[in-house]
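Chain IDs A, B, C and D follow the sequence of writing; residue 1 opens each chain.
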């Protein structure tokens, strides 16, 4: 270990944040760029399944909430790309990787949203799982990322409560058809939400180094268990069930046991063959492609302005 | 008058049809090309206001009826362009005139269709007015046009009855909201339907020559009056009213008197400034423009086939 | 999600597919690349709405609830209760995508209906016989277009190849035969439709080859599942438009 | 077609316009030319739904029917009863058309709200004051975009000029003051909005000139009339989508 590396690791061990100007190992930088850009991409792609319902939100209040959530997600994308750029990465380049299928984003957004309750279930389960993943990242070793996470987590926990409230209202005040929508949404989104924590620890090779760097602070399995443990009581209050016959409280471990995740489906989806991967990427590519003339015009206009001043 | 011209006019006077191969004056040919192409354009543009509702037809039966009507209109367009081509005109050229705003089509199709009852009212009033215009054209002097008209009129009178039945059903079996739709549709389409017969006779300069040629067999005012006389009893059976306070039966003349038509609106619309002129022409232009590659491919493929045979 | 008996579910699959395919054709009104195509697209659509009505009427009779007729089935079910094959709900895209969808659907219909003539259920036989005549024409037309575009200009070839590529992945859902359907074949209620995948693949391969287009490997199932009403997102918007009047005026008679 | 008292009709005009404009902005979700614009478009849309809610709540109170609240007004009226200005219902087109519509609407809103602060009706004043703050920002943003695109590249100039040309004809409907509204101004119920056409024309002319765009002659009325619910055909389809859930589930609580 070089003296620089040693100083770097000592700083991390002492829980002092690494800042953009500090020396850092190349692999730390690369790992972070990948992680932060994936996170940013997920925010952006995550707007699409909600965009499918924002034009059909059933009341003005629900429309406002959903629009605000989508707006927040665009905002999260912006912070996160900015945090990533402090590492010397370029936003357009990373987005190009997304569009060409070389960069990943959260697999959950490749599932379709098929009824209004999905807007509640996405908030509750998907933002819920995201928060469990992200809360530890508020203490991650890289300063700009940690600070972005603080804001992101705060807003996401608001989304989560709002999502849950959508479902609770439908279960408590709704018609039979609405209650059916809620259970249906949970049935479809339950397993994909559990998959958001990534492969089982034994298949998650990057974890050890990421742990040492405090980019990652808990294993996938730990976080998944935490999510399940906190979610089941909420599920019970809803009066709904999870689509998992093996789910039950384990008195001994103090945790819920749960069934086997369909890892084959998970890998299919992250390899680009999920139900909506193609539509999601096409939507993003189209947006950037058909907006090219707008961005060019903005640049040209700014140059004209500058020349006029000079 | 040249001998050819005399023979031509004698033939017409004797009610013998002019056929494509017969000699005819240039102005007869031009007038007919203009008239037939306008008629064909009207069929094609007339599909658009119906296209606005065909995706929203309220029952399978009504959907079938509307689709069949639209199909018939495409068919009418085809016959009519064919009849026109017997005069040496070119379909693509005439369509280009439509797209560039140099050719006209029936002004009625520049009005929007704003509720489902419009699908009934268009059939009843618009096809109804078209029939009154066209019945005499079954005996028009130009053979191919006359024969096309026989088929067109037959199908249109079917559309008219169907349109009327849509309205009658809504009035007799419908809710208050549906009855309101019917009256609303009539209110909006009544005057534009009357305008379909063209300007008053004193402002219709081409009529005299067209009458001599038996391209036209009645004046605009005569046809308009005929339409009104036959339509009012049907209106009364519906239990609806016309938006014309001056409308009343005239015992002396044996016809209905009616109020002053807003000719200013009529001229605005035919000059291209009606409520939907721009949308209608853009729709047609877009269709032809985005279909160019398809037509080119069809030609290319046919050539390949031919070469393979040769 | 409502599930009916096996045969009724199958009737819904046939009827809903015809209806949704026709609805997509209706969207072409006034937009076709030539006047002849306006006519032809609407003509095919008309046949399909007619077929849809026949299938849905029979389904409604089997359901046996006075309040349910073909229109109620068509206009009052949410997307999760629609049973149409995924292929037909896909957006129209350009004329090549529309023709690719139509062709893949026509080949499927052609073989399905051919087999359904051997059903022991007389109603199924009658509808299949009548529909098959129409579909034979649809198939000729759509395969001609696939060939024309595939082996036309460079641009049309590229567009046709892209079109095949973009909707091919939904073909598994056409070709899968459910256990319930296999049982209906085994007891002869339905003619033997269990070979549909082979029949479809072989006819499609022939036409694509004649069109100078590559034949993709068979598509694999991936989560979306028309039999359980797990559709593409686009279906919900299509239904919002199609069903609007019946939804907005539940007490109306049209 | 239902007509309410003059003030209520005016409130519907304000509320419906904000709502339909916002709905068109919602259609941009995931399609904007840059991430910053996703945020900004949604931000403007949010403000407008908030404004719509305020106007429609007041309208509902004035209607005084227990069964009618802001949601019922938004989600259960047919297009013939919608009172939004024609400008906002027009299809989004490209980003230039969207910005042209937004700009023309913002200028109108800005001057309307500025004047409405002088109303004798406290509720109108309160809503106007709150909305004006938001609209001041909207207007800055949309006029900047008009300038950026008008005086950007050759392509953007052409697109922006086409955009102005394509929606300009609907501006008469923004600018016409009805007799009923004039009466509400005369008795001070509303602040003096009778000069809206001049105010709008002069601000629009200034921005278009700065954007190297031509200022078309004032648009003339032509049949379509938002006050009588005679809208463009596109509104019906927009409402079919927007209202679907309320229509499909009339007894639901969301």
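Criterion: a contact is a pair of C-beta atoms (placed from the backbone, for glycine too) under 8 Å apart; a residue touches a chain by one contact, two chains touch by 3 or more.
Here the structure is a predicted model, which is why all the values come from computation and not from measurement.
**Student:** Hey, what chains does chain A share as contacts with chain C?
**Tutor:** Shared contacts of chain A and chain C: D.
**Student:** By the contact definition above, name the pair with the higher C-beta contact count: A-D or B-D.
**Tutor:** Of the two interfaces, A-D and B-D, more C-beta pairs touch across A-D.
**Student:** Suppose each chain is reduced to the average of its Cα coordinates; what separation in Å results between chain B and chain D?
**Tutor:** A distance of 36 Å separates the two centres.
**Student:** With centres defined as the mean C-alpha position, give me the chain C-chain D separation in Å.
**Tutor:** Centres of chain C and chain D (C-alpha means) sit 41 Å apart.
**Student:** Rounded to the nearest whole Å, what is the centre-to-centre distance of chain A and chain B, using the mean of the C-alpha atoms as each centre?
**Tutor:** Taking the mean C-alpha position of each chain, the two centres sit 58 Å apart.
**Student:** Listing for chain D: what residues touch at least two other chains?
**Tutor:** If we look for residues of chain D contacting two or more partner chains, we find 78, 237, 240-241, 244.
**Student:** Considering chain B alone, which of its residues make contact with at least two other chains?
**Tutor:** Only 56, 177 qualify.
**Student:** So what shape is it, when you link every pair of chains that touch: line, ring, star, complete or other?
**Tutor:** Basically it's none of the tidy shapes, so other.
**Student:** Mind giving me all the chain pairs that touch?
**Tutor:** Pairs satisfying the touch definition: A-C, A-D, B-C, B-D, C-D.
**Student:** Please give the residue numbers of chain A that touch chain C in the complex, ascending.
**Tutor:** Residues 49, 52, 56, 111-115, 177, 180, 184, 188, 265, 268, 273-276, 278-279.
**Student:** Would you pull the chain C residues touching chain D in the complex into a rising list?
**Tutor:** My answer: residues 78, 237, 240-241, 243-244, 247-248, 250.
**Student:** Residues of chain A touching chain D in their complex?
**Tutor:** Residues of chain A touching chain D: 44, 47-48, 50-51, 54-64, 67-68, 70-71, 74-75, 77-78, 81, 116, 166, 169-170, 173-175, 177-178, 283-284, 286-288, 290-298, 300-301, 304.
**Student:** Can you list the chain D residues touching chain B in their complex?
**Tutor:** Listed in rising order, the residues of chain D that touch chain B are 1, 78-80, 166, 169, 220, 222-224, 230-233, 236-237, 240.
**Student:** Within their complex, state which residues of chain C touch chain B.
**Tutor:** So the residues of chain C in touch with chain B come to 19, 22-23, 26-27, 29-39, 42-43, 45-46, 49-50, 52-53, 56, 70-71, 74-75, 94-95, 147-149, 151-153, 155-156, 159, 241-242, 244-246, 249, 251-254.
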